[in-house]
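There are structures below to look over.
Next, two complexes with chain A in common: one pairs it with chain B, the other with chain C.
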Partner chain A sequence: MTGLRYVYAICRPFRSALQRQLTGVAGSPPKQLTHHGLIAVVSTVPETDFAEEPLRAHLEDMEWLTTTARAHQQVIDALTVVTTPLPLRLATVFRDDSGVRTMIEAREDDFRRVLDRLEGRVEWGVKVYAEPESAQAAGPEEGAEGAEGGRTGGAAVSGRDYLRQRRMRTRAREDVWQKATAFSGRLHETLSAFAEDSRLHAPQSAALSGASGQNILNAAYLVPRAESEEFVELVDREKDDAPGIRVELTGPWAAYSFTGEFAEEPEVEP
Partner chain B sequence: MTTPGRLPQPYGHDSGANLADILERVLDKGVVIAGDIRINLLDIELLTIKLRLVVASVDKAKEMGIDWWEDDPALSTRARRDELARENAELRERLAQLEPARGQEEAS
Partner chain C sequence: MTAVERREIALVDLLDRLLAGGVVVTGDITLRIADVDLVRIDLNALISSVGEQVPSPWGEPA
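Let's turn to the complex of A and B:
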């Protein structure tokens, strides 16, 4: 036996079956390991990939990381449909089932406490983007700038004109940015008031996300699943049609962002 | 026992566009349990992946919609604020140069 145990999540016993074709990170189906009234959702992974050395190497391989992260999330998603999972971080691996049981025993009070708090709740992600370019193109100042620009017959733009143009462009950008920031503040206030809990995350990079615009708000909201539809409608209603502001909703996620009160174990050096 | 309520259709987490969201959560959020296989994911996340994305594979990073260095305190919003602060400083300096001149004018 050279299989290790990869743990996706801890949850309480649930009645509904997981999708039959569901596969885990190494292609084998996730199983439930019940201990002390809690369930660890685990799958067997090969030691050749998930022992310390190969795992470390794999984690530096973006292709592998991407595939594994998606497979991990797929299992968490499937669990979120049937229960309230406490999602563990990627690559939580034990030697065997008894190692998983020992871990459950060691942390069971923590698990129960957080599971109680999260029971029946899901996480929704809301991002707000500012897109100054599109707003600037439609902005009223553009015309004025063009008229006053004084670019005649290839003459060099005077220093004063250059500065004015530069200031206007900066101001247009600032305008959109400020509007988007103010809008984000109001939106976050409204959504937080509806949600049971909320977290603000670092904005995702504009230059690299592939999403257009600058990410101003990157927030997560903890919402009872029964109120999720209402939450989605609320986001839809609050969306601003102002040029240059885009709202993006993702979810429902397992309550990843709200496991924070779960005390981290001190890192032990091997 | 949990009885699932009705959930709205998921908002695209299966699409490639949301890989950044997935990685943000599975790598950075969620419960940290020290397993038998001890990997300090933080090292890999913040150092290795960061460096690999910056140095070796900017296109890949773009495609993946991720960048760990921006999760550091140096966010783009801060960069913008810094720019404002710098402009402010320039203006104040300019003002400081003008003020004494005007003071002399008024005195004479």
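Let's turn to the complex of A and C:
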């Protein structure tokens, strides 16, 4: 059978073994390929799925993308336990081991530099949402969102009352949005001052995330592992309990968002 | 420290990192990374066409 090499990450040599039952993106276990003192963590993937044509088609397939992204992350996660991996972009594929070696040779200085930079650090994700609906639900106003005017049940509402309520709702929404934006700015400033580095990701679309509210801030922070607890506490402390503002913390992640120093990666644009 | 409770990672958070982060090296099988942005746009299109009554496929573990 012909197999291609899927590369997850570049690491320094590490002593501990990976979990035995760990599987990679196509179900086969990841292995280490050592070259020039660096390790590429690779697994074999079938050409039928990972050659350029099928890969391109697969990337448009939500289910395939989900499975592959989770499998990729699982390997990175396992690596994070034993070392500080330099994660590669999803679906980085080579024809064979020698292709991987050639790539390492071409980039080894960059890899070393960024590995040094990231050593012992993790990434935390912080998102802020504006949730006008939940702010309103706290008030006396009927909180039913969704189809406006679709609710005529209960006591009949006069046209004037209806318009007034609608105006109030619009104002409340703008208010929450403004507060959340100002809060996001302050939070980002505080967290950036604590973290060694930060990146802003594009706010997530609600349709894609399924999260309630509007995503205002979607940021990543690079934090030494040893200071992570402090960072988490800081986020907790800075959380605004104001109705309508929600803060979400994710992590620790491998430093995915901080590998771009040497890549031709553009900054994230909305 | 309730915030560190480990939950199933949301797919969008993962895609933010796997499609926009990570080192870009030129593999033998080269997909221009710009393509990946296209994927996201397609995802958006996909979602809105699916409609709201269909539960999102990535809320729960697949």
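Simple rule for what comes next: the second predicted complex is superposed on the first by the 231 of 270 C-alpha atoms of A that agree within 3 Å, B and C clash if a C-alpha of one lies under 4 Å from a C-alpha of the other, contacts with A are read in each partner's own complex, and residues count from 1 in each chain.
The working rule: contacts are C-beta pairs under 8 Å (C-beta built on N, C-alpha and C of every residue); 3 or more make two chains touch, one makes a residue touch a chain.
Everything numeric here is computed off the predicted structure, so don't read it as measured data.
Novice: Fit or clash for chain B plus chain C once both are placed on chain A?
Specialist: clash
Novice: By the touch definition at the top of the document, which applies to A:225: first (chain B), second (chain C), both, or neither?
Specialist: Only chain B; A:225 stays clear of chain C.
Novice: Which touches a greater number of chain A residues, chain B or chain C?
Specialist: B
Novice: Looking at the overlay, what does A:88 touch: chain B (first), chain C (second), both, or neither?
Specialist: both
Novice: In the overlay, answer first, second, both or neither for which of chain B and chain C A:22 touches.
Specialist: neither
Novice: Kindly classify A:33 by the partners it touches after superposition: chain B alone (first), chain C alone (second), both, or neither?
Specialist: Neither partner.
Novice: When the two structures are overlaid on chain A, which partner does A:249 contact: first (chain B), second (chain C), both, or neither?
Specialist: In the superposition, A:249 touches chain B and chain C alike.
Novice: Considering only the touch criterion stated at the top, classify A:236 as touching first (chain B), second (chain C), both, or neither.
Specialist: second
Novice: Determine, under the contact definition given at the top, whether A:157 touches first (chain B), second (chain C), both, or neither.
Specialist: After superposition on chain A, A:157 lies in contact with neither partner.
Novice: I'd like to know which partner A:67 touches here: chain B for first, chain C for second, both or neither.
Specialist: second
Novice: Jot down the residues of chain A that show up as touching in both complexes, chain B in one and chain C in the other.
Specialist: Shared contact residues on chain A (touching chain B in one complex, chain C in the other): 4, 7, 10, 50-52, 55-56, 59-60, 62, 65-66, 69-70, 72-73, 86-95, 99, 103, 107, 114, 125, 201-202, 204-205, 207-211, 229, 232, 249-250, 253, 256-257, 259, 262, 264-265, 268.
Novice: Flag every residue of chain C that touches chain A in the complex, lowest number first.
Specialist: Residue list for chain C touching chain A: 1-4, 9-31, 33, 35-36, 39-40, 42-44, 46-48, 56-59, 62.
Novice: Touching residues of chain B toward chain A in the complex: what are they?
Specialist: Residues 1-8, 10-13, 17-27, 29-41, 44, 48-49, 52-53, 57-58, 60-67, 70-71, 75-77, 80.
Novice: Of all residues in chain A, which touch chain B in the complex?
Specialist: 4, 7, 10-16, 50-52, 55-56, 59-60, 62, 65-66, 69-70, 72-73, 76-77, 81-84, 86-95, 99, 103, 107, 114, 119-120, 122, 125, 177, 201-211, 214-216, 224-226, 228-229, 232, 249-253, 256-257, 259, 262, 264-265, 267-270
Novice: Give every residue of chain A touching chain C within the complex, in rising order.
Specialist: Within the complex, chain A touches chain C at residues 4, 7, 10, 50-52, 55-56, 59-60, 62-63, 65-67, 69-70, 72-73, 86-95, 99, 103, 107, 111, 114, 123, 125, 201-202, 204-205, 207-211, 218, 220, 229, 232-233, 235-236, 249-250, 253, 256-260, 262-265, 268.
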